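Order of writing sets the chain letters: A, B, C, D, E, F, G and H. Residues in each chain are counted from 1.
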Amino acid sequence: MERVMMKGNEALAEGAIRAGCRYFFGYPITPQNEIPEYMARRMPEVGGVFLQAESEVSAINMVYGAGGAGARVLTSSSSPGISLKQEGISYLAGAQVPCVIVNVARGGPGLGGLNPSQADYFQATKGGGHGDYRLLVYAPGNAQEMVDLIGLAFDKAEAYRNPVMILTDAIMGQMMEPVVLPPLRTVAPDQPWATTGKRGRSKPNIINSLGLVGEDLERINRELQAKYARMAASEVRYEADGVEEADLVVVAYGTTSRVARSAIARLRQEKKKVGLLRPITLWPFPQQILAELATAGKRFLVVEMSAGQLVEDVILGVNDREKVAFFGKLNGTVPTVREVYDRIRSLLSEGGEG
Amino acid sequence: MARITIDEERCKGCELCVSVCPKKILGMSERLNSQGYHFVETIGDGCIGCAFCARICPDVVIEVYK
Amino acid sequence: MKKVFAYPRALSQRRTHYCPGCTHGIIHRLVAEAIDDLGIQERTVGIAPVGCAVLAYDYFDVDFQEAAHGRAPAVATGVKRVHPDAVVFSYQGDGDLASIGMAEIIHAATRGENITVIFVNNTVYGMTGGQMAPTTLPGQKTTTSPYGRDTATVGYPIRVCELLATLDGPAYLERVSVHDPQHILKAGQAIRKAFALQVAGKGFSLVEVLSSCPTNWGMTPAEALRHIKETLIPYYPLGVYRAPEEVTGGDA
Amino acid sequence: MVTHEIICAGFGGQGVMLIGQLLAYGGMIEGKEVTWFPSYGPEMRGGTANCSVVISAQPIGSPVVAEPDGLIAMNGPSLVRFKGAVKPGGVIVYNSSLVAEAPELQGVRICAVPANELARELGNDKIGNMVVLGAFLGLTKAVTVASIEAALQQVLPARRHHLIPLNSAALRKGLSLVEG
Amino acid sequence: MERVMMKGNEALAEGAIRAGCRYFFGYPITPQNEIPEYMARRMPEVGGVFLQAESEVSAINMVYGAGGAGARVLTSSSSPGISLKQEGISYLAGAQVPCVIVNVARGGPGLGGLNPSQADYFQATKGGGHGDYRLLVYAPGNAQEMVDLIGLAFDKAEAYRNPVMILTDAIMGQMMEPVVLPPLRTVAPDQPWATTGKRGRSKPNIINSLGLVGEDLERINRELQAKYARMAASEVRYEADGVEEADLVVVAYGTTSRVARSAIARLRQEKKKVGLLRPITLWPFPQQILAELATAGKRFLVVEMSAGQLVEDVILGVNDREKVAFFGKLNGTVPTVREVYDRIRSLLSEGGEG
Amino acid sequence: MKKVFAYPRALSQRRTHYCPGCTHGIIHRLVAEAIDDLGIQERTVGIAPVGCAVLAYDYFDVDFQEAAHGRAPAVATGVKRVHPDAVVFSYQGDGDLASIGMAEIIHAATRGENITVIFVNNTVYGMTGGQMAPTTLPGQKTTTSPYGRDTATVGYPIRVCELLATLDGPAYLERVSVHDPQHILKAGQAIRKAFALQVAGKGFSLVEVLSSCPTNWGMTPAEALRHIKETLIPYYPLGVYRAPEEVTGGDA
Amino acid sequence: MVTHEIICAGFGGQGVMLIGQLLAYGGMIEGKEVTWFPSYGPEMRGGTANCSVVISAQPIGSPVVAEPDGLIAMNGPSLVRFKGAVKPGGVIVYNSSLVAEAPELQGVRICAVPANELARELGNDKIGNMVVLGAFLGLTKAVTVASIEAALQQVLPARRHHLIPLNSAALRKGLSLVEG
Amino acid sequence: MARITIDEERCKGCELCVSVCPKKILGMSERLNSQGYHFVETIGDGCIGCAFCARICPDVVIEVYK
């Protein structure tokens, strides 16, 4: 298989196209501009549509229109832009419109900075918008996963009629790595529920999240919750590396999982028993494996570029906060391999195994 | 000769049709429909089928024959 | 005897939730008649606003999407780009289109997006109980301008057709009214034309309809129509503001 | 060495991003795992910029290099900023045309390349980065010069391919400085 | 003290004015329209400014301007409108601009419905916007608290230079109850950090959340986290009713705490030992008391109008999910007293005390 | 010998991060000169955009707020309503003002909000690396219109002064350019006038400045100025589009 | 009875919200704890509407009444919807002008008031709600008529105060129906 | 007689001043400033104090005396 060198953002964009996505609506924002720029060049080549919307708000509502019309549609942005999309995301979830939303996160809050960050974890997993909804959230760990997970994202979005988010960050987006690309797929926008014009159907298709009468809204929500339960049962993904033998399991996703991996490699050379649990789906969250590892007596270290968000889900999974340690870096800086290494060492020695 | 039909149950009693009928042959019934509105009825003859009533009716209550 | 005025096929049979005498109902019917006339019911997709017409999807017998408040032009764009052969229209109130949705309508217009917009201007937020709209007239009392709209502190109404007419994008812009049968006829023709232009691929068309809100104006339905004629039309002149043949401006 | 962790740093416009990319492409061409990661200052144009490159036989963890074993510094501020982070046994190649004082460090090999002057000698002011890269390759063997030349084919747009011989010459010039 | 009958929304509006708020920027949305409409009438009477913004996005940014200029400023909305404000809220938090934001929540997701809901709990407490920030979040339990907590909200917003949210719902907002109003306060907009024009200061005041250089952003975030730690230490509020003696502690806020209170009253008549823990601050969350009650061997029942949001914080506080039961009503309906009563009864009998 | 051209007091001493030859720097200086001239430095509050001018607060010696992208007019409104005696201006790019911030600028204008807007039109998104803007000319290549702006699919540029001139709210609208010393002088006068009108309480004023982006246009600074003169001005005619004395329209 | 839990329901425009508010104000005037909570249908105007009122000597829990001990039903659909929820020992007063069939329920006192006709007799079509309220007060003693009259002063805007005597008359008319 | 002062460290070498000087007395230095730019310098006499250079300079490098 031919390896081509690509930036994470471009790998993701090409991955989307290969997965049959032919509609992109977005608005420029660093550090994800490679995605719209790639789409602007590439979409005309494959007969697709690239449209720069007037804002993130418009972009997400164009996505709603196109997704509701049955198409595989993508939008991407970065943290402040994703905040602007929250109303639209809640609408997409409520009306069960499939689509893929990419957040190449940067430092916040507010205007923040262009450095990478993992401080949008809560927003992605607990719902930054209003109401009880869930996105399927993937966190790629390398450029190859940018390609692979966006393909999966489109398939799952359609299978569940649910928006799917890719949560990544400035490092994963800007970094270049070799990737192997899958073949180009074409997927016609012809879902049975989509608004295409009736075209002979006896009943109109309607895309909607309104339940003016209380019972209607409860029905909508019951449907959604049942779907989320199915997703929770079937869609959990994670990578577990050496967790069985480990005394300490590091939990980290995306960029920090890479840093943790380097630190763990060093520690293993020193014969320390340290494992890595890398959630690939942030929602549904790999609670089960955490519960099992906790039962087996492991301790945990959560490494994230935030003041502590992922760590709450880890505690909920482990069901005992005493077993979970946290190493966070605030927005603006990436933890170094040495910092993580040192933290693990000191935890191991606390545990008397140093 | 022309005539209109009235779908009483759709009528909301807004009286706009009454106000535009050039022949002044529309009026409001004493009775209520199930929505709780006094509905429109014809109170005279001489309909010319101008459809003013139907055209101004916001609730598509009236159809016109001619 | 022939049926000379019939219930349009493109309307569903449901009764509307609109207040008695509200002209939203008339405008719905005109849209349905245009769809019937052009024979496009099977390929039409409507976009409902958030506003009194929020349930519009229940009242038409065509595919529909319910948009977020103000975003109908963006939603319509999404649909149209996926199905260029579909006929896509949004139906929007003055709060929806001219307040929260101002950026979306201007950009859809300047893009020359090949959609049709039915813009229902009743100078007030009907659905939420009569708050001030961008089109509320100077001095007009509403629940959020209880002492009358004071131009010194909250500024002036926006004339949407005139505003959009400065853009190169739109193909057709016309302001009409539904306050009497004659004007309703004209309004229907404008709406039909807007759809026909879309079918012909001419680009963005918008028909602004001066509409009544008897409930929030505190008037009877008939008084409300008189108010359109006597007060609204002088402020919002009827007429064509952009036509493909470049017949612009002027009163109707 | 199994893994090379490299930082290339300089002013915007000095081509530090390009030589970082060439190292990464070169590594890929040699069948290795590679990452390249850029970092920019707040300036729109000009200002400072740097990139991290990792070349390894193993899957790569962090793409952000904090403790490089190779540093290419194209100007003074970059050298000052990163030299202290270089690991013992590491290599620093710097552009002595813009750095007055030679750095002093224990246990690190340091090589001064008067890049601007040499570039001018080669007839193109912009080619200094390639001279420095050549020297760096000679000292570290991170990838071969041939791999960089192959990488140039992929990285440069077709309309710039006529410049490849010039780039090769610059690379070999740099190489010759350290291979004596 | 004179009791006057007021809708919750109006009580809140008058409470704000009495607390010295003279600036309101908002956009109509049911079920909170009584707030802007009240302000439209009342602000001119007290020399204040009511301005209907063109959207929720504009409203929150006007709040940013006015708050940054040193004023006590309020905005209110309901769920979809609050989602639109998320970028602005993140900016307010990042730039440390004090203000009060009211969410009179309704059913979601999407357009949802006009019925009450507690499904915006995550959004309010974990940050619907991007980045690591926290709002101080109050949940009033009656009309009197609408008055009292909004007063407190303005004081705390200023004391911490932080946005404060009042999270309430359609029932609390639309319900009428008698309230006692405090006297009218006037507070001049003259904070030392505010943008007023330099007016003799040697250095300009700047309201900003940008940290282009990584270290700047880290410094901003360190400052914020230190402040949040102070808030967590000092600002927790809750009401505990009979929790010491209880076998089972019901945890609920706002509307559901009212329903729970009725159910508990019935159960106490039957000599059941049931307590009520009502968080008044949703952030900082009353974790401490939960931990103590858990140590004392209590079991817990969380009652909320959502698919389960508050319950996560309760589990985190209790630190044992086995001890925490959940009774949720999906958007659209309010639990009845009987439903809650039945649920408690069955929990008590499971525990063998039936 | 007298100093006839001096560093303005209202500018800070910091060096800007702008690219060499970028006319943002000239416009900053003109604003500072107007502030100096009118003696209002102590009561001026600036609102910085998100765009290349995002760090404007570092470059002026006046109080400043950094607004979210596009929302500067709303932020300015908030400040002005609290401190009516302060002089409040926003400084915004074409992406900021005419794309994401379209609703905010139109509504601030129609409200007649007593603020001053400096609108820097460089037909491109400078800060984010040269994407298409609402003001990008037909055929112009940008990173998101790599084959040139195609009006058939993405529509037409927006002329902001012309658009706002349809509203009753604004007191003063003028388009100027900074491509040579004579035009810079005129631009300075327009900016000064805009501030003076605010001080006099006349309401909303906006000066659109045609500005260069040598970096994203791929030109030398001097070529970029020629491009303004030869290509931008014909599309965006200079002149007064609204004046308190009702001197409207026409070329300057 | 310590606590009265009441539902008032009918078409929009029949004044059910007003009589609910009067009950709540009346309770407040008598020094009790009270809550009033409205609920509307999706219609803009017309349609159905109802409100919950709780009057109690104790602090009030839920303001949403699911099992009322008092129901005022101004039209047929409201009676159908709520009558089954009324607690044993409770009271239903309904507008028999719009309800053809009398409801039958065990253990609940039921009182039919021909509100439309009585209102017309009193000379004002809109006053039927007050007649029904009067009857309800007579049966439940939830608050006194005097408290409702005092409440009218607070609830009606000053320009409507001239209507208070008419309202009083309607209340007393209703009262007389049940006090015989 | 007029003259200008040049704040060399602020100059970004954009050459706009050079392009507008009617007397053609401005040129770029061989030297770099600490920002890495060739800065402007006067290469002749006869300044008329027109301030064109100062007015077009985006970086407020030049002051003019007359």
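Observations
One rule holds in what follows: contacts are C-beta pairs under 8 Å (C-beta built on N, C-alpha and C of every residue); 3 or more make two chains touch, one makes a residue touch a chain.
All of these numbers come straight from a predicted model, not from anything done at the bench.
Number of steps on the shortest path from subunit G to subunit H, with steps defined by chain touch: 3.
The minimum number of touch steps separating subunit A from subunit F is 1. Chain centres here are Cα averages; for subunit C and subunit E they lie 38 Å apart.
Taking each chain's centre as the mean of its C-alpha atoms, subunit B lies 53 Å from subunit E. Inter-chain spacing, taken between the CA centroids of subunit B and subunit C, is 26 Å. Counting only residues that touch two or more partner chains, subunit F has 18-20, 22, 54-55, 66, 68, 99-100, 102-103, 106-107, 127, 134, 154. Contact of a single residue of subunit B with at least two other chains is seen at positions 12, 35, 37.
Of all residues in subunit G, those touching 2 or more other chains are 42, 46, listed in ascending order. Listing the residues of subunit F that touch subunit H in their complex gives 1-8, 11, 15-16, 18-26, 29, 180-181, 184-185, 214, 220-222, 225.
Those residues of subunit F that touch subunit A in the shared complex are 50, 54, 66, 68-70, 95, 99-100, 102, 125, 127-129, 131-132, 134, 143-147, 153-154.
Of all residues in subunit A, those touching subunit C in their complex are 23, 25, 49, 51, 53-55, 57-59, 61-71, 73, 87-88, 91, 95, 189, 195-200, 204-210, 212. The residues of subunit E lying in touch with subunit A in their complex are 57, 79-84, 86-87, 90-95, 105, 107-115, 117, 119-120, 122-123, 126-133, 208-222, 224-225, 228, 306-307, 309, 312, 315-316, 319-322, 329-333. Contact residues of subunit C toward subunit A in the complex are 41-45, 47, 54-55, 57, 60-68, 71, 74-83, 86-87, 103-104, 106-107.
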